[in-house]
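Quick heads-up: structures coming right below.
Note that subunit A is present in both complexes that follow, paired respectively with subunit B and with subunit C.
Entry: the complex of A and B
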């Protein structure tokens, strides 16, 4: 029963992933990608990783893909654009890279599955066996004790990205003055 | 009942599995069926209330007081012609209504409608239905039955995940309709919903901090002991943010810019007709019920009554009848009453408030609600941390809850007052300047 559900879900994931590549319409590709994300979340659920599953949905299927879809809709990419010369043979390069990536991924999974190279995963597993607490509690405990520096560094990285986005989004006129769109602000 | 489960158990790998499956199906049928049955009546209720506000009788032809109007409307929509306009993207056009309804129904799964049945009470029920105590009972394979379709450990995250996926139906409907107004509606909806989702999450995190768990039953347990223990006392600002964000998430007035009949002729569902339109309609109302249920669970004690009753003594005296009452008064009386209050709030807001302008909507979401949410969260986190440092019992005491509530509310009101006075001053300055401009412009020579 479990195997049946698992293989069905796996097949669905692959079908949607193929849909991302094969749909000519960009919006359909994006929708397909959303469903791929949801299927991956369902796979996590079957592995009893509830927290990761729903974070996957919130972050990828919920937040990132909305922005994707938003941008695609605003651009309205119906006609395929003319490709520049350096992208003409993209297909073959992409194929080769995908092949390489597949091997790297397979190797990584092999390594991380059998050894304790992934210290975070190993520590989490150990904590779970010891305490029998909820998954989230353990994850949070690890994040603010053992891995507090990487955790904080990630937040700094995100902050940099946000500031960068704001700087790029700020429009300036020819003299280098900022364009203020909100009239109320000026008055106040 | 035991032979029945034994018989089913042959196909499902054990009678306990069969019991879980049967109870799950029953729970789904009861809860989903209940919500679906209520939707037409909410629509009638809405039309009635709006008509009373506008001093007219409202629907009064079908059934007593027009109560059956909702059902008749449903039948009418069912028999209408389904129009598929030329130029729409067929696949996505058909997918969109499903993407609105499915997440709405999925979210019902985790709303706790009643207490967990366990201990002696479960034994009593098992005895009543003639079940084997080895299968269902204190020492059996199944030691508790939750009165929610599902009770995952990460309940809140599930709710947030489902609401974040709910945007797609509207966005895709807007795009696939091949209509400018629909597209504008869809884009407005997605921008609005991702903006207010952040505030919604921030409001929820405070409650999670107080309960120390993401599980909805744990959150309700942390509010046990009368209405003065409910999270609304500790998080008065958060519930305010949650309610505003919940209006925006369900695309209801004053935030219904995605529909905006006056400017977009219905927005994202302009091109939809018959049952496909009805699905959007139903999705909106089911969503209203869900966010209300979520708000009640998080801030108003869920199925808990306002005053704690001496249930142990009552059960001692009346036996099974009291046990039944203990488990049924929550789902049958208290939860519907609390949800009903929020539904009324939704309807009353629609009857009284005008629609916001788009830039006002974004200003409210990003410049006011988000900072308030962050400050509320910081204050709450500090309060919880201080409480944990002093008592060390892993639970937030009542005094801490009240002080967090008082501090956040005071800060919120102070800030509001500050903004209000600043805005008032700016308005006066503007009026003064306009006055001056008008005088000077009457004489072009002076003005230049």
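Entry: the complex of A and C
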């Protein structure tokens, strides 16, 4: 039963990911990506990482993809994607390289990954049972003790990103002066 | 029953490969960005799989950091695309050949 659910999830994830690649329409591609992320969240749930799964749904499938869809809507990219002649041959080379990459990694996984013993999963269960804490509590404790420096650096990164996004999205004329929105029509 | 560790790694590799193909095949900058998100998701899946297999909690923390970086990347990148679209009226990446837009 578990194997059936897991196989279904595996197939769905790959199909939706292929949809991201193969849909010509950007909106369909984005919706396909949302479903891929939901499938990955379900996979996290199977691995008992509940907090990460819900953050995946809220932040990735929710927030980030809404920004993507919003920008797609804002730019209104109508024209179909036509491939110029100089890119057609490159596609085959790119595909060959990507599949070479996939087979090398798959071979490495087959050789080096050990899946018949899963002491870690049992250890994780044991840890959770004896500490009596939820996963969120343990993650939070780890985040403000061992990982406190990356945590603070992430806040700085997000601040820089917010300021950068505002600076990039501002309108300027040729001389670099700010354009006052009242004096011109909105066209974009 | 436990999820299959190797199958999860293979799934992660597959998603990463599809992301690479998207980055190399697509010309639309937004499609390119979505492929990069797919690759980040593949890395997240590998992190969580390893964390579950090895009984560590750090995998989840790294996933949270990656999500923060992805959010920052999406915000700044999409702002750049909007600025680019105002100048060029398209965002095909192979035709952007000037650093000042």
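The rule we apply is simple: the second predicted complex is superposed on the first by the 121 of 188 C-alpha atoms of A that agree within 3 Å, B and C clash if a C-alpha of one lies under 4 Å from a C-alpha of the other, contacts with A are read in each partner's own complex, and residues count from 1 in each chain.
Going forward, contacts are C-beta pairs under 8 Å (C-beta built on N, C-alpha and C of every residue); 3 or more make two chains touch, one makes a residue touch a chain.
All figures in this text were calculated on a predicted structure; none of them were measured in a lab.
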Query = So, does A:31 touch the first partner subunit B, the second partner subunit C, both, or neither?
reply = first
Message = Which partner chains sit in contact with A:74 here, subunit B, subunit C, both or neither? Use first/second/both/neither.
response = both
Ask   = So, A:51: does it touch subunit B (first), subunit C (second), both, or neither?
value = both
Request  = Once the structures are superposed on A, label A:17 by its partner contacts, choosing first (subunit B), second (subunit C), both or neither.
outcome  = second
Ask   = If you count the residues of subunit A that each partner touches, which comes out higher, subunit B or subunit C?
value = C
Query = So, A:62: does it touch subunit B (first), subunit C (second), both, or neither?
reply = first
Ask   = Where on subunit A do the contacts from subunit B and from subunit C line up?
value = 51, 55, 63, 67, 74, 135, 188
Inquiry  = If we count contacts the way the header does, which residues on subunit A are in touch with subunit C in the complex?
reply    = 2-3, 6, 10, 13-14, 17-18, 20-21, 26, 29-30, 33, 36-37, 40, 43-44, 46-49, 51-52, 55-56, 59-60, 63-64, 67-68, 71-72, 74-75, 77, 79, 81, 83-84, 87, 90-91, 94-95, 97-99, 101-102, 105-106, 109-110, 113, 115, 118-124, 127, 135, 138-139, 142-143, 146-147, 150, 154, 157-158, 160-162, 164-166, 168-169, 171, 188
Ask   = Mind pulling up the subunit C residues that touch subunit A in the complex?
value = 1-11, 13-22, 24-28, 30-31, 33-35, 37-38, 41, 44-45, 48-49, 51-61, 63-65, 67-76, 78-83, 85-86, 90-91, 94
Message = Give the list of subunit B residues in touch with subunit A in this complex.
response = 89, 91-92, 95, 152-154, 157-158, 160-162, 164-165, 167-168, 171-172, 175-176, 183, 186-187, 190-191, 193-194, 197, 213-215, 359, 422-423, 426, 429-430
Ask   = How about subunit A: which of its residues touch subunit B in the complex?
value = 25, 27-28, 31, 34, 38, 41, 50-51, 54-55, 57-58, 61-63, 66-67, 69-70, 73-74, 134-136, 182, 184, 187-188
